[in-house]
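As structure tokens, the structure follows; a few thoughts come after it.
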Amino acid sequence: MIRKVSGAKQIAAIIKKDIIAELRTKEMVVSMFLFVLLVMVAFKYAFGDSESFSDYAGGLLWIAFLFTALLGLNRSFVHEKDEGCLEGLLLAPVDRPNIFFGKMAGNFMFISIVEIITVPIYMILFKLSIEGSIALFISAIVLSNIGISTVGTLLSTVSINTKMRDMLLPLIFLPVILPVLAAAVVSTGGIMAGVAGEKLANVFSAMKLLIAYDILFLLVAYALYDFVIGE
Amino acid sequence: MTKATELLEKEKNEKDPARIPEVEVNNLTKTFGKRKVLDKISFELEKGGFLSLFGPNGAGKTTLIKIITTLIAPTSGEIRVSGMNPMKNSAAIRAKVGLISHSPLLYLDLNAEENLRFYGAMYSVHNLDERIDELLDQVELGHRRYDLVRTYSKGMTQRLAIARALLHKPSILFLDEPHSGLDPHAVDIFENLLDSIRAEHTFIMITHNIERGLALCSKAMILYNGQIVFYQDKEELDIDMFKSIYQQRVKGDS
Amino acid sequence: MEKATKLLFAIAAVLLLTGLALAFLVAPQIVIQKDGKDVSIFSQKIFYFHAPIAETSLVAFVIGAIFGALFLARKERKYDFLSFASVELGFVFGALVMWTGDIWTRSEWGTWWEWEPRLTTYLILMLLYSGYFVLRSAVSEESSKARLSAAYSVIAAVTVPFTFFAIRLIPSVHPIVFDSSGAKMEHSMLAAFLVSMFGMTVLYVAFLLLRYQTLLAGEEVDYLKNKLGG
């Protein structure tokens, strides 16, 4: 029981530390936000005045989010590794999964903040709207973010422990996260278009896939983190 | 080698059943496939002792430290740290050891107090506020406690790193090349600090600095290719033998 | 072990040749209705090899992950070798899946590539496991290399079924062509299919053992080299 209380405290301390550092430097959220805006402007150039843009709206949104998340995920462990902090953290009596949950929660939060700011901007810029249920739309985004931050935290820990460091992350992160991309595009795109009937069923099966993915990868991360972060 | 075995014999004979050595390593071997990273390492370190560990890169020094601090499991052999087995009581042992490394293990974007608070939470330190005040006074950084570590000089960062390592009142301190990158002035301050905490701690230091390493230690050891090639008490230390072995193994390799 | 490997190769050769004979000489030609006319599809024959290769590749990835997990649990080097060898073979078989699938799309639709769900899944799997090899080459210390790539082999294997289902969420122009449900197959077709699938699996096991032995020999060579050099 005592162990559990201190575990929760450790997770909270890791999250708090990341928030303090982020509030001070603002490097993660600001650079992620600017990056996503730039990508959106790039879309405008790439697609011109295409009438059928709304068909791709969900897909483009998630491509932008995924690359933005990559940017943030890389930063998140560079700080830990730079001054040997990770070594100090490993030497403390902390259960490894607690380090994972702390870092994952921080990443989830930063990615979500950027998305909360950018989704309305995206809608305005491209004259889009959400025809379906907004609650459903938000749940689809949250489910996708859990998947992205879980797998992202796990794999950025892998990549930071290699010679290639942040160069490796996209190569191992993108193929693992592709199912989330597909499910996120199908669900958010469908909800934005306000689909019904068979297509709505497809939205729900995409969200079921997201739920299964999140649960399974949280378990995988819990089981593997000990081996991934150090011996 | 004969001296080393003599010392081991002596340690065995002098063993007082009531006295538990702080670190006890017996026939420790670590292999990966065919490669022997550590080969039948045995030594003992009494409470308050200071072991200086020399050896070229890849000799197994870091692996040895990682095994003693419970980060890596040994392939075979016995280890006791404060009488505890690292495989069974890893959390308890980690709570008793501290590390001062050549990197500070501090977050540059946090200030001194935030850094100590963070590690305090990791170690579940009691009366954290008082402990932080006390330590910052001891390393003379009280006046800079709200400044970001990023703005510190190398020497100040090292002092804060010491405060960080002492935060949870460890009884064993590991020093991993603590002198590297420090200017002579910072080395002086570092060693004064070390002196002031010397009595109540047991030390194991990895170093390439022969002069400092021999001056500080109570026992000296050279590891080469995962084996002990030199191990002597300071009082009986054969400096010529040490130097010739060191020259041959360490310098010859690098 | 060397003898066993040779024997397995022999068995695989017999089985695969039998499968080949059954597929081309015994199994009937598939005939479908197209524009009111009967059209026989000769290219369907590739299915007797394409599907077994695909299944063997998946088996290899799963076994790679199992050995990976065993390595993490026991930290014995042999499991790293077995896991690496199995993933490597899964990758080679995967490349063959893409190649045979490509031959089929070429003859059926006249294009080199179609975003057919199964082929797309394999393309993604190839990329997924390319990451495995890049990861291995990015770690120099042997035990860390084994540890991180073992973890990744597990992560990748968990990703495989999700990739499979996620692809099917996206509406596809082409129907799923390679329908391997046994119900519609005649006995002789099923026999050809099963024999070549079994042969392919035996071939995989034989290659796994062979690769394992070369990895062990490589380690021995490194060890002796170090001994001489040191």
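We just call them A, B and C in the order they show up, numbering each chain from 1.
In this section, a residue touches a chain if its C-beta (ideal position, glycine included) is under 8 Å from a C-beta of that chain, and two chains touch if they have at least 3 such contacts.
Since we're looking at a predicted model, the values are computed, not measured.
Shared contact partners of subunit A and subunit C, listed by label: B. With centres computed from CA atoms alone, A is the chain lying nearest the middle of all the protein shown. Put simply, the chain farthest from subunit A by mean CA position is B. Of the two interfaces, B-C and A-B, the higher number of touching C-beta pairs belongs to A-B.
Averaging C-alpha coordinates per chain places the centre of subunit A 31 Å away from that of subunit C.
The centroid of the Cα atoms in subunit B and the matching centroid in subunit C are 49 Å apart. Note on chain placement: the centre of subunit A and the centre of subunit B lie 39 Å apart, centres being C-alpha means.
Subunit B has residues 73 in contact with two or more other chains. For subunit C, the set of residues that touch two or more other chains comprises 143. Annotation for subunit A: residues 231 touch two or more other chains.
The touching residues of subunit A, when paired with subunit C in their complex, are 151, 154-155, 158, 161-164, 168, 171-172, 174-176, 178-180, 182-183, 186, 202, 205-206, 209, 212-213, 216-217, 220, 224, 227-228, 231. Partner subunit A is touched in their complex by these residues of subunit B: 66, 69, 71-73, 90-92, 94-95, 97, 99, 101, 103-110, 114, 117-119, 121-124, 148, 164.
Against subunit B, in their complex, subunit C makes its touches with residues 75, 77, 142-143, 146, 219-220, 222-223, 226, 230. Within the complex formed with subunit C, the residues of subunit B that make contact are 32-35, 73, 225. On subunit C, the positions that touch subunit A within their shared complex are 72, 124, 127-128, 130-131, 134-135, 138-140, 143-144, 147-148, 150-152, 154-156, 158-159, 162-163, 165-167, 169-170.
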